[in-house]
Amino acid sequence: METVVFAVLNGVIYGLLLFMLSSGLTLIFSMMGVLNFAHASFYMLGAYFAYTLMEGSNFWIALFIAPVLVGLAGMVVERYGLRKVHARGHVAELLFTFGLAYLIDEVVKIFWGRTAVNYKVPELLDFPLFTLYGAQYPAYRIFILLVAILMLVALWYLLRRTRAGLIIQAALTHPHMVGHLGHNVPMIFMMVFGAGCALAGLAGVIGGNYFITDPAMAVQMGPIVFVVVVVGGLGSLEGAFIAAMIIGLLQTSAVSINASLADIFGFLGLAGTSEVGGITIASMAPMLPFLLLVVVLMVRPTGLMGDREV
Amino acid sequence: MTDMTTTYVDLAPSRAEKFRQRVLPMILFALALAVIPLFGPSRSTLTLLNHMGINIVFALSFNMLLGRAGMLSFGHAVYLGLGGYFCVHVMNWIAADTGIWGAVPIFTMPAFGFGAGALAGAVIGWPSCRRAGTPFAMISLGVAELVAAAGFMFDSLFGGEMGISADRMGGPEFLGLSLGPLNEVYWYIAFWTFVGVVGTYAFTRTPLGKLSEATRDNPERVEFVGYNPQRVRYLVFIFAGAFAGMAGGMSAVQDEIFTPENLSLVPSGAILIAAYVGGIRYFTGPIMGAIVMTYMGSNLSDYTAGWLLYLGLMFVGVVMFVPDGIAGVVYGTWDVLRSGRLNEVAAGWAIRLLGLALMAVSTITLVEVAFRWSDGYGEVFEPFGLELAHGSPLTWVVIVLPFVIGALLLRRVARSESEVTS
Amino acid sequence: MLAIRDLHAYYGKSHVLHGVNMEIMPGEVIALLGRNGVGRSTTAKAIMGEVSPIGSIRFKGQEISGLANHKIARLGLGYVPESRDIFPAMTVRQNLLLGIKDMRRPGKWNIQQMLDMFPNLARRADNPAGVLSGGEKQMLTMCRTLMGDPDLIIIDEPTEGLAPLIVQQVGDMIAEIAKAGVSILLVEQKLSIALRIADRVYVMGHGEIVYGGTPDDFATRDDIRKEWLEV
Amino acid sequence: DTIKMAFIDPLSGAMASSGEPALQSFMLAAEHINANGGVNGDDIEIVGYDNKVSPKESLVQLQKAIDSGARYIIQGNGSSVASAIIEAVNKHNARNPGEEVIFFNYAAVTPAFTNEACSFWHFRFDAHTDMKMNAITDWVAKRDDIKKVYIIGQDYVHGEAVAAAAVSQLKEKRPDIEIVGNELHPLAKVKDFTPYVQKIISSGADAVITGNWGQDMTLLVKAAADAGQKIPYLTFYGGSNGAVAALGEGAVDTLYQVSEGVTNLEASDEQYAMIEEYKERFPQYDYYYDRAFTTLQMFDAAAEKAGSVEPIAVANAMEGLEVDAAYGPATMRAEDHQLQQNLFVTTVAKDVKYGVDNTDLGWRLVDGGKISAEAASTPTTCQMERPE
Amino acid sequence: MSNEALQLIDLKKSFGPAKIIQGVNLQVAKGERHAIIGPNGAGKSTLFNLISGRFLPTSGEIWLNGDKISGKKPFEINRMGLSRSFQVSNIFTNMTVRENVRCGVLYSMGYGYSFWRNIGNLREVSEKTAAILEDVGLIDKAHLPATLLPYADQRTLEIAITIAGGAEVILLDEPTAGMSHSETDRAVALIEKASQGKTLLIVEHDMGVVFNLADRISVLVYGEIIATGTPEEIRGDPKVREAYLGEEVEEGVPA
């Protein structure tokens, strides 16, 4: 029982963080068709900016300023980089962001060193909220939960309920027509990219101290964010949310399971002493999301909730 | 008088032309490979050359996918890795002298890698080649992560963190090569690099090779001339896997170890960069890319801590401004030289070169100063006796001024050129 | 209002417009005629910045060639493309909403007026635009363009592929718009409509204007019709 | 002349916090030796090569190091890497007679390297897993309140060796103890240990044994602290950068480590001066790798004894050599090239001379925590092949 | 029965709720040149897409030379002897003209997915390719990349690829769209020659071409064939005049 409760609690928190990270990518990917490989790098920037801002001010200021800074960085990247390669198609865009990820990694190392920085949870939130089955539950995780839900609602509102959201959506399929109606499409794209990056930055501010802020954080989160977005389905915020949750729960609960493959498939004659039988579910946790990705793409190329092929 | 037996216009290039365009470069390439040892390369040079050979074959196999068939793979290292792993196992069987293995020369490893890579391509390609475009790219990414993760789980196959090592000095000698010292390994690598280059080139000349290009350009139309584009992609994928596996076999002998990281996204990304920087639209592009990137990857780090940053900058620069890569520049220059238009463009080129050089000066200064500042050891960047501390105004002059001038020069050339063409 | 001088345009290497000259006065309705593929749509696209124009295009005295398409639109040029490009997933009302350039400065048309003018649309106001019939889509595109308060509308083949009855309706609507003082450049093939509402007629052939005159004059020019319009 | 020594370890990425302080320790040690006249008059130069804890990358770096003239290789972070280097060095020396290189292993503790897989070219300056585990299990054996033990480690040779040693030694010394968990997690990839800690909590363990190091150590105790867990963590590398800071006061009497010495042990004034100099030079880290200093001290002594800095001569001279290290005598056993030295079980306490991680908490010897070199020693199965 | 090259039986196609093809029945005899005309959006291209396997019919059957082809993949249908062109040029843009045509030739000459032969040594393939280029008049431009061709030549290349495989049944979708008078005449001559002894199904808006070329004409309006007959019959059919040709008659009479 307690295993289940903890697995769910942790899975949900991890899932929400994944969602925060991937919502920005969903936004960019679905609005502009750009597969932003550097997305996790903007997540990293968020964490580092917050760390630096916290030295001079406090967490709450960083929580607002850092994502804005990351968003501005994203806008600059769009304006002077992406826009130039846009005409040459999605592969060029993708490669551009691929290279950008390398660059951001290196620049981060210059400014903040090659090892982890001590970016800490704010003291105000650094207390155990309640105790469950003998383990304390830190308040910060509930804070993550709240921010993520807030973000989901705000994004959903922005996309579905405002005219700006309508323009963005129309611009994806009919960029020229939207331009002829007098809307500045390049500008919109720049804003969308900036907003997406800012969301990644926000996830960085919040995730950086929950996990660890080091130059490897981008590389480690990068692929999994793609999994979330693609599995969820292109352009589908709901899909990204569901996929993030599934992956969060899947990975966390896999770690909590003590069984090995032999225990599960034992009746098929798989011996615990064989190598395959000896593999534990817990050790399979890192590969589960990718298994999910491959299976989903093969069965449903539109993703769980998407309406377009990736 | 015209030859009456020819009832059609022979469009194929003449014999002489064929020789000049196809055979001659291969002969020159073989010659170059054969001549290099005469310079008495040091051990480090030999290591570098061997890695270049491996990466040339690897990059060419990658480009069978991206450049030729338009399939962007983020997991091509999987096939090099699986081919290489298989060869490492074979080398250990040879060393153990079990069954017939004792009679197999280590020299033949790339052939085994070729087979293993093809098999891996056939198995993994079956599901993944059913999709093209971005779904294919994403699947390849997922597969790479999956295989790499599996690499850490199945110790008896992949050796876990430690990987699996082998000794290249087992089995019967072939062509008198013990493969112990590096200069003997060089001959081995040179031989197989040549085989790889000829093989991948020959592939482009086959009906399937041509069809893969057609499928890249217009998969839909291919269906209406009788081909199944999925089938075309799948077959190309198997061949790309096979040649990657061959590179794996070369690497197994050179490095004598394979670890699960060999299967991961990192080497896959590196070869993508190498091929792209070299120029994916040209057959020789990946070769140039592999040579340049291998050199930079292994030697640049000796000169500067910022080598990764330089690589990143170079890649982004190529993506943004030189989409045809190094090969594009080389061929473009060559065309101009040959057609004797050098004097027309010389001025523009000179200005452009100057602009680029100025921008490079300022970028290098910035990076070097930044890295020294970041190290915190108080070291100062001192090019040509100039003292450029991060705090000194001179430093910032050297960073800002050339950049601005260079950018202005480049813009001017770009503008005047676009006027000429319109 | 609009003055085009020596306009050229290319698709890649193929040269489509070979020096187009034309003028539109305020309040005028101009019909641009010509056979399939002579470059009428391309002219419209060049004006709107969809294909890059070479030459001079002045709108209200300002040079607009080379401007970004939203800037051209904001100067008061409306465009109804051949492909119509409604936003199918959005409702009719949302489509109209997107026609407004600046929410803070509403133009002389509002959504209610539009719906009043076209009961067909009013009935479908909250349906996704994708389910509309061809004629309704055409009306919607024109209304959407009007929401942006343009001074000149370029309409490309509004009646293409429409049933005769609807062709009639669309014709009436264009006449209505013209009455409200908006200039119109109508790219048409159907002579009946063009001649009914146009103040002046241009005929295009092989990327050039080969004739310009009033409908009455045009009616007398059998030679032009034979050479440039009939198949 | 300079004697080039190649230091091949992670200098970037998750495990750099382990590699960097070690490099700094070796550099400081080399500086001191050079300042005292060098090794037979030659200066030592330490050159760092970043291997990202990857065996394959290490071999590439090794090749580069050898090509650039290094005849001494230093490595420690990761037994998987060490194993690859041992093999590569063996091969290199066999293929290139006259250009032999020697491998100084300062931290890779898998027992095999000085047992079945021992090599003449390899010297280990850290006590190996079985030796360290002996110290830990002795301590556990004395604590009757410990009934359930959880073993967690990194999924590679080292983690496996730690688990195996813990299981077999506990069975021998305290058959009544139940091992309630024996888990391996991926090396340097886990970002959040919360699920693992929760598993430990629900297993009802009274103590945890772990061989984790680097980021894996820090994050593990961080997660334990977040969950409010307060049971002894018996570690090899509780001294990893940041671990004490993560636990804060909670580290007192919960975090234990076994090592060849800690800064708060009784020592000479020169040693205290060295500790302070280190902190001043590298404020980001604490003096931790005492064996780095021992390694170079021993090299210096061996070179002097051999009258040469040639690898084979130095290696021969090093066999059986004894030096006075900071925390007691250290002898290089000739049969297996395993350094024999005192071990200390320490825990975190408040009132100490040197705090770590910029806190006032530091490492203090537990009662009866000193294990003499003889007691720590284990027999070897090494059959060493020596060059003639 | 086997005299029918192509037979459509109650063919229907819907996209979601939109019924685009609503029960088309059509027989095209071997060797016949059959034209399909109709207003924009009537479903002509859709019909071609159904026949050539690009779309799956919602219901109904398609038979080619006595074999059922509905439900088969485009490449299977092509191998059974049916080839089509596209309304929008659909060529291999990065390859040369010669390579384009060669792609059309290869499969039919038995070099499917061959990867053990040097394409340059396939003499028959080169001959056939050259012959086709000669026929369509692109031989001088054989070594140009296809993108660099002028528009009309691209349309010609489109036809060349279509006929290259030697299919017995050829579908051409508005082959002369966008061509000038003289270009159109050349194209018509080419089509005439290429369809010699073959079955041709053609969609055209240019009535000159249609009446010139076709043995029989079908008129498609809103997804239904409202009339089929010889050019004379069609010209005289009041229904057709009303639905399609009508405007032409009206044309020239100012309102």
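As written, the chain order gives the labels A, B, C, D and E, with residue 1 at the start of each chain.
In this section, contacts are C-beta pairs under 8 Å (C-beta built on N, C-alpha and C of every residue); 3 or more make two chains touch, one makes a residue touch a chain.
If you want to know which protein each chain is, UniProt gives these names: A, B = Branched-chain amino acid ABC transporter permease; C, E = ABC transporter ATP-binding protein.
Remember, predicted model here, so these are calculated numbers, not experimental data.
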Item to check | Chains touching both chain C and chain D | outcome: A
Checklist entry - Stepping chain to touching chain, what's the minimum from chain D to chain E? => result 2
Checklist entry - Which chain's mean C-alpha position is the greatest distance from chain C's? => result D
Checklist entry - Measuring from the mean C-alpha position of chain A to the mean C-alpha position of chain C, what distance in angstrom results? => result 45
Next on the checklist: Using Cα averages as centroids, what's the distance between chain A and chain E in whole Å?
Outcome noted: 49
Checklist outcome for this item: Note: chain E sits from chain C at a C-alpha centroid distance in Å of 32
Checklist outcome for this item: Where chain A touches two or more other chains at once, the residues are 109, 283, 286
Next on the checklist: Using the touch definition from the top, which residues of chain C touch two or more other chains?
Outcome noted: none
Item to check | Overlap residues in chain E, where contacts from two or more other chains coincide | outcome: none
Checklist outcome for this item: The chain pairs that touch are A-B, A-C, A-D, B-D, B-E, C-E
Item to check | Residues on chain B engaged by chain D in the complex (per definition of touch) | outcome: 42-44, 47, 152, 160-163, 165, 167, 169, 180-181, 255-259, 261-262, 298
Item to check | Touching residues (chain side chain B, partner chain A) in the complex | outcome: 72, 127-128, 130-131, 133-135, 137-139, 141-143, 145-146, 149-150, 153-156, 265, 269, 272-273, 276, 306, 308-309, 311-313, 315-316, 319-320, 323, 370-371, 373-374
Item to check | Residues on chain A engaged by chain D in the complex (per definition of touch) | outcome: 2-3, 6-7, 10, 14, 109, 114-116, 118, 128, 131, 133-136, 138, 210-212, 214-217, 220, 252, 255-256, 258, 282-283, 286
Checklist entry - Along chain D, where are the residues that touch chain B in the complex? => result 54-57, 59-60, 63-64, 66-68, 78-80, 83-84, 87-88, 91, 95-96, 155-157, 186-187
Checklist entry - So in the complex, which bits of chain E are touching chain C? => result 17, 39-41, 147-148, 150-151, 177-180, 205-208, 246-247, 250-255
